[in-house]
């Protein structure tokens, strides 16, 4: 079974599939993320995430948390202690807040998905103080959160909500290309930061894509 | 990419291991999670100084662990700030009851990770203060940037705050003098050729044979702008002018000057830069009271240099002269 | 060619001028003809130590002028030994009545120029002895070569003989201990990338992305052979093996080890090499009693490293530990 | 008047023309000599000689020695104090011995030329201990000395003796190409020194060519 074909309820097993899928897609895109970061940063984003999600895989092999929230909390703690840089605390906070938003629910419903993504986004903003348009991962999480909310309110299934979020995140990441960075180390480049997609926005899209695929959602 | 390394992912661990063997008289390397303390840590009653950040800037920070400077250094992956789970035990290991000062270079990653660590160490009952070094005049400190970067000034902050801690200043006083150095120190850098991050495997940027990058940081990132190659005197003027302007240096001011190599620049070239700095400051009536010329805060094997100037007062000069005994800076001890 | 220089022909003068300003507390730069003495030279009753050679190896030699090491350094043009008309006044300037030892690296040019200078200084009534450093095991000492080159071992000779002179040994005794160090020290180097001599303007040799030169000297000359790129551990073994063989190091031997950067190699990589040296010597039962890791004798901005090992005895270790205060090596003072 | 066209007796003026001609030809061949030395040495031979003969020019501007020997002695002292490296003492000794061999003669005759070149060669050998075939400047000076001796004994004019020496030096320099160096820093290369002409042998040929041209001799 390839991770992309998996379907089922958004339970703890889904969360584990999501994380395994993320590890795989991050590893496949390690060089791309390094390259994006090389252009406007310090060439480590792909390496950092690959190290972090590699550690997540090891943790998941040893541990089988029983709720989606427990999985995400384990991920949060692992990323926090292995990624470093800006992305470590930001993604760590995102997954921690996402976990908190889920409480002890066993299966995440559509509005739970939207709430989880909103919580993640808000956590990143609380830590990093970036606004939309600053050319950061917030430019992927914000449209993702909005799309998820809209889809959930329109009655979409949980996988559909995730797919909507992933697609919006992807569009958001692409849209960072012309922007001039105002947060993170790309901001040091001033106008020279324009013309490249933000690595954190791109990795956000990959992570949400993995979430949707783990749920069997169709991602464009 | 040609480097004297084995596995790109093992660079930091193997290098720190070698460092620990070479300087076993001075430091202890704690491997898991990785941090380095002075051998006699914690020094009872002394404020502990912890700094850290991405690796690749050697001798910063581990090379500055020892008497009169840092109590602990926390190295992250290359160009990647360390994680709280390294910073927290390092903080605990050097707390001699008088609290701990975190010296943090102003990068989003460093700030967030040290912030988290400080919060958690405080929760464990350790008094923690932080000082943020942001001395790079190449970056405007504005709403449109993450603020000025912390670069060469860090070395001066670590030395002077380290001396203050060693003489017995309390946490507030050490924090205050560290902040005073931050307020009075500015830097500017130039790259002639980029460095190659081991896990990336290709140079961080490409420069033509007749181009240089002005206003670079210490992470192989491109600088503020690219100009045509010039002679050392002209380049030195470009590094000096914005610092003099930002600090409003005027006749009668006393300074500590550091001409720092980025890792791949011969000492002879750094002295040519220093010569011009001395001439230009002399013309302004500004005196160089102390100086460092060499590789102190590098970007792997980058070719280039940075200039750091601190407007110094009597207390700073006294603290500067106090004994220091680390792998990379040593006098009076 | 991109360098932080002005005019290729002014490199040595401008660099030494900057050095003199930065270290005015330690040295005096005599400009015409060019040589550098310690500030308090001549020290009455002390044997004077003079070394010199081509420039481009900084901090060698000027960086080692000061208490407990050299009394004078005589820099030639880049990679070109100095002339007698520099060496003679340098010799006279540091003769405190106890005679002068010339520490000469074994290159035809250095030997001939120092020989002439020694003869003429003797004619002026100064007692001069010479010791020839020839520690490079990459070169066979045979009829078919100009003998082994003098490389990293020079630093150890200067330190230990300098300490002997400082404690008051007479000229014969200082010469004898210097010779003893020469006899017991061996080195071997590797280049990952060549350097560019300023007046030549192009790299001294070209290496493909996957090639390295084993057995290089310190003048940008090609090495003994070219091999495919390897990991640091493998390269370290290649540097170590011929030294161990040549010195017949065996279990119980004590050593001073220097892992030296050629100018363009990050400190982190040198520590990775040192780590492996420590492992390998440990396996042999050979102890590392003292060590230096850093840029001590360079070839401009060459990327690479050299390994130097001295079989040390009690006296050498004691002299090693004695106070030294120079720009590039300092402890106990 | 170009230096190459000058003719006349081998007097002090000739010696001065020789040295001015050498300075010019060394400066013109500076890059070539650096390149030869880069291949098997340390890339400074052209720079060293250019600096040295540049200093000789300045000395000759300020001073007008009255005999050929006095010119050559001035050159010897100047090279000794400005060239450095191996070439400085070797050429310094060569010119000093050449000067000594001439005594206070006002005009050098054919056998005087041969004696001067032999003295220079012997001085180099005395200092450097190289033998023919070691791939050094001795490989140019030795055939030059032999050719000069032969020409002088065959009754050639002084300019002709110089021309014979220059031609032989040139041939000797070319013949160093396949040799494996056994003296100087090229010897460190072992077999890798083969395939390049020795820079000092080439500069020797240039110096002797300038001597012949300053005397109006035909150099092939």
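The chains carry the letters A, B, C and D, assigned in the order they are written, with residues numbered from 1 in each.
Everything below uses one rule, namely that contacts are C-beta pairs under 8 Å (C-beta built on N, C-alpha and C of every residue); 3 or more make two chains touch, one makes a residue touch a chain.
Composition by chain, UniProt nomenclature: A, D = Dihydroxyacetone kinase subunit L; B, C = phosphoenolpyruvate--glycerone phosphotransferase.
This is a predicted model, so every value here is computed, not measured.
Chemist: Go through the assembly and pull out the chains touching subunit A as well as subunit B.
Modeler: none
Chemist: From the mean C-alpha coordinate of subunit B to that of subunit C, what's the distance rounded to whole Å?
Modeler: Taking the mean C-alpha position of each chain, the two centres sit 29 Å apart.
Chemist: Taking each chain's centre as the mean position of its Cα atoms, how many Å separate subunit C from subunit D?
Modeler: 33
Chemist: For subunit A and subunit C, let me know how many angstrom lie between their CA-based centres, rounded off.
Modeler: It comes to 55 Å between the two C-alpha centres.
Chemist: Please give all chain pairs that are in touch with each other.
Modeler: Listed in label order, the chain pairs in contact are A-B, B-C, C-D.
Chemist: In the complex of these two chains, what residues of subunit C are touching subunit D?
Modeler: Residues of subunit C touching subunit D: 9, 33, 54, 76-85, 107-109, 112-113, 115-116, 138-139, 143-146, 149, 197, 199-200, 202, 204-205, 217, 219-222, 224-225.
Chemist: What residues of subunit D sit close enough to touch subunit C in their complex?
Modeler: Result: residues 34, 38, 40-44, 47-48, 51, 80-90, 127-128, 180, 182-185, 187-190, 192 of subunit D touch subunit C.
Chemist: Given the complex with subunit B, which residues does subunit C contribute to the contact?
Modeler: 1-7, 11-12, 14-19, 21-22, 55-56, 58-59, 63, 192-193, 209, 212, 229, 231-233, 235, 263-276, 278, 288, 291, 293, 295, 298, 300-301, 303-305, 330-331
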